[in-house]
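In what follows, subunit A forms one complex with subunit B and a second complex with subunit C.
Up next is the complex of A and B:
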């Protein structure tokens, strides 16, 4: 696990403190060095990968303007890196790949930390320059920082050049930024180790041994996975944005209460915003623009291609394609039924319509996530089959509570109820928590209570890596 | 008209009240105002101090709870006068198999089951140390040792069981050696409990409940716990699926070290030590190619200390699954038969004058 491991916490304290005192002139040098140290600590191969890719894209960008061949070469190489990353991830499935390689070889090279995230940024950079929307960066240090800025290198957020580059020269660290960043970071740690990591054993139990459980138990496990994924990734994002803020950078928001979406298209405007923004800018819009004469068919094609690419980006495997297919179906249905839905919403009480919509969207997302989490498509179908057979367990304690609590002891039950209580409260008071996390004021009691909750209920000994680190 | 006068009067009294209350601000309001007046550095210092104080307070509360939890063997054996003549020790196999009541029928001596599930020898060593701190040394110690006990894939050192006993140099040295990742954190207030809070929260709360309910006797007063799972658990099938060619046991040096330390601690206290192995389901043995070799190494350790390594491999129950829950754990009926045999063995040893 990264960001909340002790050595990384010490590293963060040192970097944030020094960065505050370093002259703005040398800040980008300092942060690049810190980023290299961070990536190098993770693995030397990852560091070499980021240096090589940054160097390659920096130099190619200088000569790319008007050179179609060079542009396509750049795109292909960056895309190839992403595909190879995912391919090698699959072949090394089950292995802690970050530390599994000791010698320098191509296998270790392509499983470099965050490669599929900064490759997307590099594609965006090359495209912006090719289409003359952005001028090539002259300073390699600045470009290196765009690639390797450590708060975002692990799993994003994916930043476009126009969003990140101007911040380098204007970088300022204020007390407000430090406080706001710290609040955000603390909430991120809480989401990750108090909520996501606590739900992890239940999800593992249902997804990996689900054939033994009844329908409702399986469905509860499926719901919990979506909630775990949300808190894991939004927790990571809060930590990344918090650290970025403390270092003087405003990174892009990735989540905007996605589990309250009333449509799947709204869900994708609220979930992993930076990645979907990238796909929309560089795949969906160009495609729909080219096919604009076909009207709805153009939009449908855009949806299909965007989600197929998104599926491949997440991993080369039928499970991710099935996940993408689910969303293609949902979004296509929404596109085709837009008029009907608008007229229906006018006839039904607004609150009821919204509540039903949220419920349907949440279930649709959970259903697609079965494929996202399962080891194979067969396993996913098996889980779906289980979720509708023997719906209620014969014994609720052994058939429902024990599998989700991962054990039949009182202590397991106690932990499970605590997890549900914390998770439910956080979902209920999500907006209020978010407001406190974004606050620029030092709220003594907020910090104290969150810290106490982390100490009381955080998983320190056996925490999970961030789920999105695998992509 | 009268209504508006009445309203006006009411407003007057309210403003009077307000004036009175503002001249004598409540503690809460004055506290908030004071907090607002603090600058950031003062607020940070205040937050750190408050957090540290609360964490230290919680630490004390957990210490109290854990020391009063009658179900925690480490706490119970130090506070209760058990003074058994025979100790049964090891991981879940002896814990779930050997009932001191059944042993008493055969031997006529008081015994206590000190075993704990998933425990390795370092865990066993510290529990024996705690027992000897609070009780007279027993005459006999039967310690469960099998090739599985020497392999780090089986059982573990359960640090959380010792969190409330840190500060004792013996405990500190074992914890430092067996769980260095944990030991690095414990200088932070409350972290010794926070690190394994998933287990400790419940135990501390249970301890409070025991204290307020004046409970001093554990749920299992003689230490023996009947198993929760009492039917065949399919672990052997999973094992064979995982290792169709069989699994070779590893020999862990740390396990060996703490096995020796446990024997030495017992012998220093004048206890006669027996290492023993309960019957292993015969159909599992072909999938463990080096079982005999590892058993030989255990016998060598027993020889080094001049003690017996008693193996019950030839018992009839080892031939049938109907007496087992897994390859190593017998079910209730199997346990009763085995405990009878063990009791007879102990009685023979006693009559032989050992």
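Up next is the complex of A and C:
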């Protein structure tokens, strides 16, 4: 886990404290050094890769304006970083991969740390400069900070230079920022350790054992995965943005209550915003612009290509393609039926229409995530088949509670209900919780209660990986 | 100005299949249900056809509202 191991917590306390006292003139340098230390702690190979690519992109950007060949070379080399650091661990588990410039031992996933996100940001930087939307950064330390800033280097948010660079010279650390950053960080830890990690055993039980659970049990597991994924990743985002804030930086938001979306296209404006923003800016819009005379066919083509690339970016495998295919179908349907749905919404009661839409979208997303989570397409189809056959279990305790309420090796019914209660309440009250997370007021009760809940109900011992760290 | 607005409004009504739609300089995608990222470029293509012009990619990406679009249309037509 990235931010909640004890050593990293000590590191964070040290960096945030020192940063407050370091003169603003030296802060960029200090934070850059801290970022390198952070990356290097996880793997020296990743640090070397980051330094090399940072240097490469810094220098190439200065010469790239008007030079198409150089731009394409830059794109290809940065894309190669994604391939080099993302795919080989899936196909060559535990094998020494030595025909890159450094030899890696990929027994651990750590080597593949987030260079996929990192490379997307590098591609964004080169593109912004090539299309003359931003001028090359002159100061290598400032560029290094934008490039490798530790709260966002591993799993995003991916930020454009125009969103980050101006903040460097205006950087201040105020009491309000420290408080609101801390609140946000705390809420992120809560979401990850208390909510997401508590749901993990249930999801693992349904997805990874190929057993023939009854329909309702399987569906519960499927729903819980999407909820786990949401709290896992939005929790990471809260931690990253909280730390950034405590250091005086406003990082890009990644989530905007996505499970309340009334359409799949709205969902993609609210879920993993910085990543989808990248795909929309650099793939969807340029492509559809070129094909715009073909009207709807252009948009459909854009949808297909964008999601195919997104699927492949997440991983080589039929499951990711199947996941992408689901969303291609959903968005194509929405595009073709837009007129009908707009007029329908005008005729039906607004709240009912919204509630039904939210329910449908949630189910559509959960369905696509069956493929996202399953080890193989066969396993996914097995799960789908299980959802609709033998819908009710013969025995509720052994057929519904036991598979889901797995705590360690024994059925832990009480704890399962606690998990459901916590995640249910947090979903219901997420707007209010978000307000507390962003508050600049020091609320000792809030901090005490959340910390207590983290220690009472948090999962500390199973080392469950943060899901998006594998990308 | 009025003529431009009316001509543009005709295009909006056709693309978004709503004969009662009205637009003004301040109109944005938030004001029109049918207008989102999936339909935006279809609208652009139809506007280009109607006025016999071509927008550049950066112009298209920088439109914040209908007023921006009208300004660019006027600029292109004046330059022609």
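Points worth noting:
We adopt the following convention: the second predicted complex is superposed on the first by the 443 of 471 C-alpha atoms of A that agree within 3 Å, B and C clash if a C-alpha of one lies under 4 Å from a C-alpha of the other, contacts with A are read in each partner's own complex, and residues count from 1 in each chain.
The rule is short, and it goes like this: a contact is a pair of C-beta atoms (placed from the backbone, for glycine too) under 8 Å apart; a residue touches a chain by one contact, two chains touch by 3 or more.
Please read all numbers here as calculations on a predicted model, not as lab measurements.
Partners subunit B and subunit C fit side by side in the overlay (superposition on subunit A).
Once the two complexes are overlaid on the shared chain, A:457 sits against subunit B while remaining clear of subunit C. Contacts of A:334 after superposition: subunit C is touched, whereas subunit B is not reached.
In the superposed model, A:289 lies in contact with subunit C only, and not with subunit B.
Judged by the touch definition given at the top, the superposed model places A:280 against subunit C, while subunit B stays out of reach. In the superposition on chain A, contact of A:265 is made with subunit C only, not with subunit B.
In the overlay built on the shared chain, the residue A:444 is in contact with subunit B alone; subunit C does not reach it.
Note on the superposed arrangement: subunit B and subunit C approach each other to a least C-alpha distance of 40 Å.
For subunit C in complex with subunit A, the residues that touch the partner chain are 16-17, 33-34, 36-39, 41-42, 44-46, 48, 57-58, 60-61.
Taken together, the subunit A residues at the contact with subunit C in this complex read 131, 133, 265, 269, 280, 284-286, 288-289, 292-293, 295-296, 298-299, 303, 331, 334-335, 338-339, 342, 345. Residue ranges of subunit A in contact with subunit B, taken from their complex: 6, 175, 179, 408-411, 414-415, 418, 442, 444, 447-448, 451-452, 455-461.
The part of subunit B that touches subunit A in the complex is made up of residues 35, 40, 43-44, 46-47, 50-51, 54-55, 58, 181-182, 184-185, 190-191, 194-199, 201-203, 205, 228.
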